[in-house]
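Before we start, here is the structure in question, set down as structure tokens.
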Amino acid sequence: MNIKPLADRVIIKPLPMEEKTKSGIIMPDTAKEKPQEGEIVAAGPGKVEKGERIALEVKVGDRVMYSKYAGTEVKYDGQEYLILKETDILAIVG
Amino acid sequence: MNIKPLADRVIIKPLPMEEKTKSGIIMPDTAKEKPQEGEIVAAGPGKVEKGERIALEVKVGDRVMYSKYAGTEVKYDGQEYLILKETDILAIVG
Amino acid sequence: MNIKPLADRVIIKPLPMEEKTKSGIIMPDTAKEKPQEGEIVAAGPGKVEKGERIALEVKVGDRVMYSKYAGTEVKYDGQEYLILKETDILAIVG
Amino acid sequence: MNIKPLADRVIIKPLPMEEKTKSGIIMPDTAKEKPQEGEIVAAGPGKVEKGERIALEVKVGDRVMYSKYAGTEVKYDGQEYLILKETDILAIVG
Amino acid sequence: MNIKPLADRVIIKPLPMEEKTKSGIIMPDTAKEKPQEGEIVAAGPGKVEKGERIALEVKVGDRVMYSKYAGTEVKYDGQEYLILKETDILAIVG
Amino acid sequence: MNIKPLADRVIIKPLPMEEKTKSGIIMPDTAKEKPQEGEIVAAGPGKVEKGERIALEVKVGDRVMYSKYAGTEVKYDGQEYLILKETDILAIVG
Amino acid sequence: MNIKPLADRVIIKPLPMEEKTKSGIIMPDTAKEKPQEGEIVAAGPGKVEKGERIALEVKVGDRVMYSKYAGTEVKYDGQEYLILKETDILAIVG
């Protein structure tokens, strides 16, 4: 993929529903916010704070949970992706 | 459990009502916010500030009280969990 | 009491109205916010800023005034307590 | 007085209207915010920033002007006082 | 004048309309905010940041332009003054 | 082009729709925010933080995706450009 | 001109419409914010951050583009000027 996110942004390929079932995560039926799952396909270099670059905790290939209201959608070669900041990622699903 | 929270997030397994009674904490009947109790089942590495990682005050196994409006719910192997930030934890119930 | 508040939080046992009269503090009848009085029964270790833990100015046993809109109520062994942050404490009543 | 304000808070005894006239300050009749005058009867140790305590610019005995919308009222031995932060004090009246 | 402003506050004696005309500044007739002119009659010592006091750029005697919506009015010996922060001063009129 | 953006601003020449199709990015038909594509034709020197200038991650010639609600439009020699801050750039398309 | 802006403020003499046409910048007819052009006729010394003064990127004589909603208008010797902060300047047109 030839899209390089800036700073602390990553590009995520959302998982289809079938894979979600296989990994064991099922979204509950309540009024709370429900996270989504996806795979990181590109990651920025980290943002700079006080002159130092803060490395990301996630890397390409990680399967992650993220807030479903976060980020910006893009379509590339027929596939939908999401660009979001690392702070919108909740956890790595190992 | 194979979910690793990022930064200063933890994963909490909420306590059922019966256990709450045993630990002696009963929620009062007022208009104020009422905390929930649960056990920490996974904890992030702490967030980075000014280039240094701040270790969490809580650890896996701690029983904690937390704001009931905080966090994101996930279901895993039929059990509901909550992902929230350490700052949403009020106290460790010892 | 086996509840340990995190960071800069304390647990306060509110004073009943009779004791308030004895200590000489009477709440005025105006539209301004009115503080409450209570005794600190547990205190956190202080929060971490720039890598250093800031010790609390208050300690267990202090009688304090605090904003009545602050904090989270909990009931423990039939007694109501309040968990709040040190910044919500206005003064120590000596 | 046995009330010790925390951090950068002070306790002020508001001046009655007669004294205000004597000191020469009269509130104007416009739509702008009008300050109040009072005497500082107790002062906190100053707040801590980056590990250092910032001493207050005001001290017990100072006559000060302050925003009338600031602070929390308390009554003690029949006298009304105001607890507010030093940043709500506009000037020392000399 | 025996009023000492705190931190980065100054006390300004507003110029009457006639003097404004003499100094060559005339307020335009548009919808934009229009500044006022006045003379600084008292200045605070500057505020403290990271343990260092930041000296003010203005001094007693300076004629300045300031936002007409800023500050707090006080009347002293029959004269109206304005207490405002240095950041509300736009320019020194030399 | 003789326009030099200040600090962390860049000037972007938006891509016409045909080029967008060629590069493979198609905007999806959902309610989420849709990014735009363009080429950077001028870049500021970076902004100063704590006395140090932070170099930009992007440079003149980069093809980038950016939020369509960001920035300020200008027309120059009959061509429309956009001035925006680097933080409004999502990714380099490369 | 005897007006000295404070901190990071500058005084701008707006360009009349004819000159704008000559410099090649024409404002587009869309709903987006449209910048204005003008010449800097006075500049402050820069603001102080962490004890160090940050020099301005612009200087007297620079032709600049700025947000038309920014700043405060003043009239001096029959000419209208604008006082604004450097952060409201988008680019140097040079």
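All chains are identified by letter, namely A, B, C, D, E, F and G, in their written order; residue positions are counted from 1 within each chain.
One rule holds in what follows: a contact is a pair of C-beta atoms (placed from the backbone, for glycine too) under 8 Å apart; a residue touches a chain by one contact, two chains touch by 3 or more.
In this text the structure is predicted, and so the values were computed from the model without any measurement.
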Chains touching both chain C and chain F, listed by label: none
Inter-centroid spacing, chain F versus chain A (mean Cα positions, whole Å): 23
Geometric centre distance via CA averages, chain G-chain D, whole Å: 41
Rounded Å distance, chain B centre to chain G centre (Cα mean): 52
Shared-contact residues (touching 2 or more other chains) in chain F: 50
Running round the ring (origin chain C, first step to chain D), the chains in order: C, D, E, G, F, A, B
For the chain D and chain C complex, residues of the former touching the latter: 2-7, 9, 11, 42, 44-45, 48, 50-51, 71-77, 80, 83
Touch list for chain D against partner chain E, complex: 24-28, 30, 32-35, 49-50, 52, 54, 57-58, 65, 67, 86-87, 89-94
